[in-house]
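Just so it is clear, A, B and C label the chains in written order, and each chain counts residues from 1 on its own.
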């Protein structure tokens, strides 16, 4: 960063409180301390992205192990329990530790830039969200090393399989790790979402009305609302499950009056909005990329946003379509069936509008655009099979078969992951300041596209000829072998593609040989492209005054009255809040609390249950101490005086 | 132009080509007979599900081609042909509400096309038609008696096998559901532990077994479809009902399946044989929780029921020999036989009239041994090796932990449909079931550890062969 | 640290797009989310309410357990605490620090009385009631319930039951919310003695008040749904 332009502000007032234990790192902090204490939304976004890509590799290895076990009939690459742990961990990792945080990475990095803000509303809370996410990921993967190993319950942990009564290893701790890690991850998502909602509602630059916001920011807002309304359901479901497992309550214990059905309802009331939490960010990204590479504004901007909101809203009304085979009766299944079909309409609108955007444009086929096109086609297939499932009689055959596996991978890889990769190829020049290698990018796309279709298209057919999902082995003579082998080969190709992609993303930050990106390499349209690449610490040297949608484009091509203006330079400078240790400390406290809760029970000498909460209480105390100190230290901060053209 | 540049232009097209090929494949594959394929429906309910599925597939193909074609056209027509063109600024249009409204309406109409059969299908799946509702029956091409004489099966899922109880007949069997092909079958689904799912792709789709709740599913096989075969040249022909559905009660079904099908890709359809599978993840050995359904002609089904009923009727079990009684030809009694063990009784059948006091030992000519020595020794082992703790034979034993083994010798499969029920497999299974089916409860269940006699069988050829003789002799 | 001097408290409240302070928006978003938390818990309780009476041999009549007079009293106390809270917020806006301090104190006391009532209630439910013979009956634990004593000199038998689970977890979660609120208020109360409190803190106290009123409103739903309804239907 351009340090020479920075002057210190005179200390006007004392900070509220100074501690000797955790002195606030100052303005020039660098290295590891900087990353650990940063409250800069861009750095937090990058750490979110990096951690998520790391987990993508872990989840990918798990997937490859699953695929090699299914290469042929009666294979023993993995035992059945290991296999069951693999698919549980693969699902949980990919949903909670990869797709969601990758979206969060983009939210963090881009949303403030797109609305002309210098940071999110609560920068330290944002850091806490990051560290809670890291702690949650850590807790989940620690489970491999303790009694029973990782959970083997499936990513939606259907009761009563999670009940201690049905544990297949004595004292199995896997589900406990799963419960607590999901709680931590839920906390991370909630904190981030409160923050994003406040930021988008309250911190838009002058002139940035709601209907001038980029679609990606709109999707951030919708997804954040989905998260804060959907996560409570699973949080409570998990609390109830935790009580069932630890304190012997009977929420899901059917032998003592509970109803396993309840878990399914609570889980899917969260779980279906979750599906849209995963896909809407990708739709937002694609809605940004297609206009840029067609050199046209988004066709039907209002309708795209409205359909996004409708999808989000209706997402709360269709959860039971995951439960068509649980015996809900004619009326309930019919109602949910029709509602689910209706969701196809707003989804279809988006696809029509993307095509409408390209119509009459000047289409360039750079890597981001290829991923966007891949997204549209793959998501279309995923959507169509989704419509099939919405029909109860069809679902009676598809449910829990490989057809469903194919469906949700088309939505989550062909949809979400392609969308997110599209975002990486599009925005990494902005984040790193360097262009990615186009040929390599196209190779990645080709590998991923071919690998993905080879892996998952045959699964439609496998499901139809009777292969159930979550089976570690199949018998001879069903005709499953050939198609499974194609899928396994495909998954290897997909894996190679993704690995090269990840290498390329990380390489961009270190390889000085790459072409510098400049402010706006794609001739893109939204506000973040008016800034230098990489974006400076303070984002905007002067607050922009927004005059139109697609501000960067209007500044280049639009009428004079649509060009953005800037607020006059303030002799006060740019106020930057200070870094802080307390988000990290609080998250650490919560981590210790969770570990304490996980290991609080032991068997005493007389065979009685001994509960010892010392560690948990220590953890809780650290967390509370962190929060108190946090509120006492205040935002504090320093001032920067960038020159006019340095942004 | 570089190669990658080429690919970049082709790839959106590639999407379409690859997927159209696959979709075409999907629809054509429906004629392939796979054991467990939902694409080969053999019953009313599954046919309905299949029809709606194919409708949705055609709608999907149509939409994919329409939208995909549109996309391709746009990509081709409006591609930037040169660097200069890529820098042009096209007209910046923001939308067209007429086009959008039309598209919304069209997609709504398409959904209605799918919604109507869906709702009809929901009703069909969940409710057996009223036998007095002639209009519906006519539409479904069903006969009133097919519904009125429906049989009921109570299915209980346990980790990791299936209990089939026939409440109308008071009999209980496991893992192989025998049913009359011409009658509706009402299936009540329950579970004693976790959630399972009863999936019988060719007949009925699936329904979960929810703890603390009874679910329902019904199916009726289509005899005509069962009787259809395809000769090596691919021409369809009809086979006789008896050939398509060999009888279970006398072991013909077992024999036919053994000759026609190995657990390999070499596979010839046996019309009356259906494969099913647990479809809801239920624990370690979930993959192994399969089952079979065997269709029978009415006559054969009645015979099977009768045989099973007699076997499980406590009043019809052979009683101990009483010296005051006079026995006529064919009577079976139990009497001690010291040659196979101390204080052990075995079954004898009177070959002619045995008067008072003519015991099998004093009057060997009047009596014959019903079973071989190995069978009797196996029977004893069944008790002493701990098998009887979990398995019920010749009684309903609903609470038993393991599958009911009554008339086990008639079963076509072993280990919840996992392997063929012949001497070789049973031998392998008894020696070390964990190797065949890792994590099965016979090896790993509650109360089974290394000291359990079952785990000592591995190298005990004699005991294993006696147990095999006994179990396969149950017919 | 040389940077210590650069630490500056820069408290010109940023101008927001809506004019509503950020913290208030955050609090509203949180409360919206919290609604879903309690919604989930309350629906769990309602789902189990009817079926739970039939499980096990002990028929559970909640009226045997509840002490409706005490709970009505504590409900009244909690409602009254909201009045103090509202007065505290109004006082800080007017800059009346002394009044703020004592109104906060009143809220804390009333909140604590409510918590004390709940602790009393929980311990008594879990302990059971003594009948004339000195036997324990109507004992409600997290996982089980004991009905009436059948034999003299013996306590009633505990049988698995789901009512305790939903009841304790629902009211316990609410109690935790109240406890967090009380600690938050104590924080402000202590802070008011440091001499640093000013009208600049009005916003923060108002957020605290929002939270407190919300917790109150949730109780207004829980009380009829969990307690009163058992006497009506």
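Operating definition for what follows: a residue touches a chain if its C-beta (ideal position, glycine included) is under 8 Å from a C-beta of that chain, and two chains touch if they have at least 3 such contacts.
As the structure is a computational prediction, the values presented were derived from the model and not from experiment.
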Labels of chains that are neighbours to subunit A and to subunit C: none
Chain occupying the middle, per Cα centroid: A
Intercentroid distance (Cα basis), subunit C paired with subunit A, Å: 33
For subunit A paired with subunit B, centre-to-centre distance based on mean C-alpha positions, whole Å: 41
Centroid distance [mean C-alpha coordinates] between subunit C and subunit B, Å: 54
Where subunit A touches two or more other chains, by residue: 255, 258-259
Per-residue multi-chain contacts in subunit B, two or more chains: none
Subunit C-facing residues of subunit A, complex: 8-16, 18, 23-28, 121-122, 190, 193-195, 197-198, 201-204, 208, 228-233, 235-237, 239-240, 243-244, 247-251, 253, 255-259, 262, 266, 269, 572, 575, 578, 628, 634-639
Residues of subunit A touching subunit B in the complex: 79-81, 84, 152, 154, 158, 160-161, 166, 168, 254-255, 258-261, 294-303, 325-327, 329-330, 333-334, 337-338, 341-342, 344-345, 348-349, 351-353, 355-356, 358-365, 370, 373-374, 376-378, 380-381, 384-385, 387-388, 390-394, 396-397, 399-401, 438-439, 442-443, 445-446, 449, 453, 457-458, 460-461, 464-479, 481, 523, 557
Subunit C residues touching subunit A - in the complex, by the definition given at the top: 1-12, 14, 16-18, 20, 22, 25-26, 29-30, 32-34, 36-37, 39-41, 44, 47-48, 51-52, 55-56, 142-143, 160-162, 164-166, 168-169, 173, 187, 196
Subunit A contact footprint on subunit B (complex, rising order): 2, 4-5, 7-9, 11-12, 14-16, 18-19, 22, 25-26, 29, 32, 34-39, 46, 48-50, 52-53, 56-57, 60, 63-64, 67-68, 70-71, 74-75, 78-80, 85-96, 99-100, 103-104, 107-108, 111, 114-115, 117-119, 121-127, 159, 189, 193-195, 197, 199, 201, 204-208, 210-213, 215-216, 261-267, 275, 277-288, 290, 418-419, 438-439
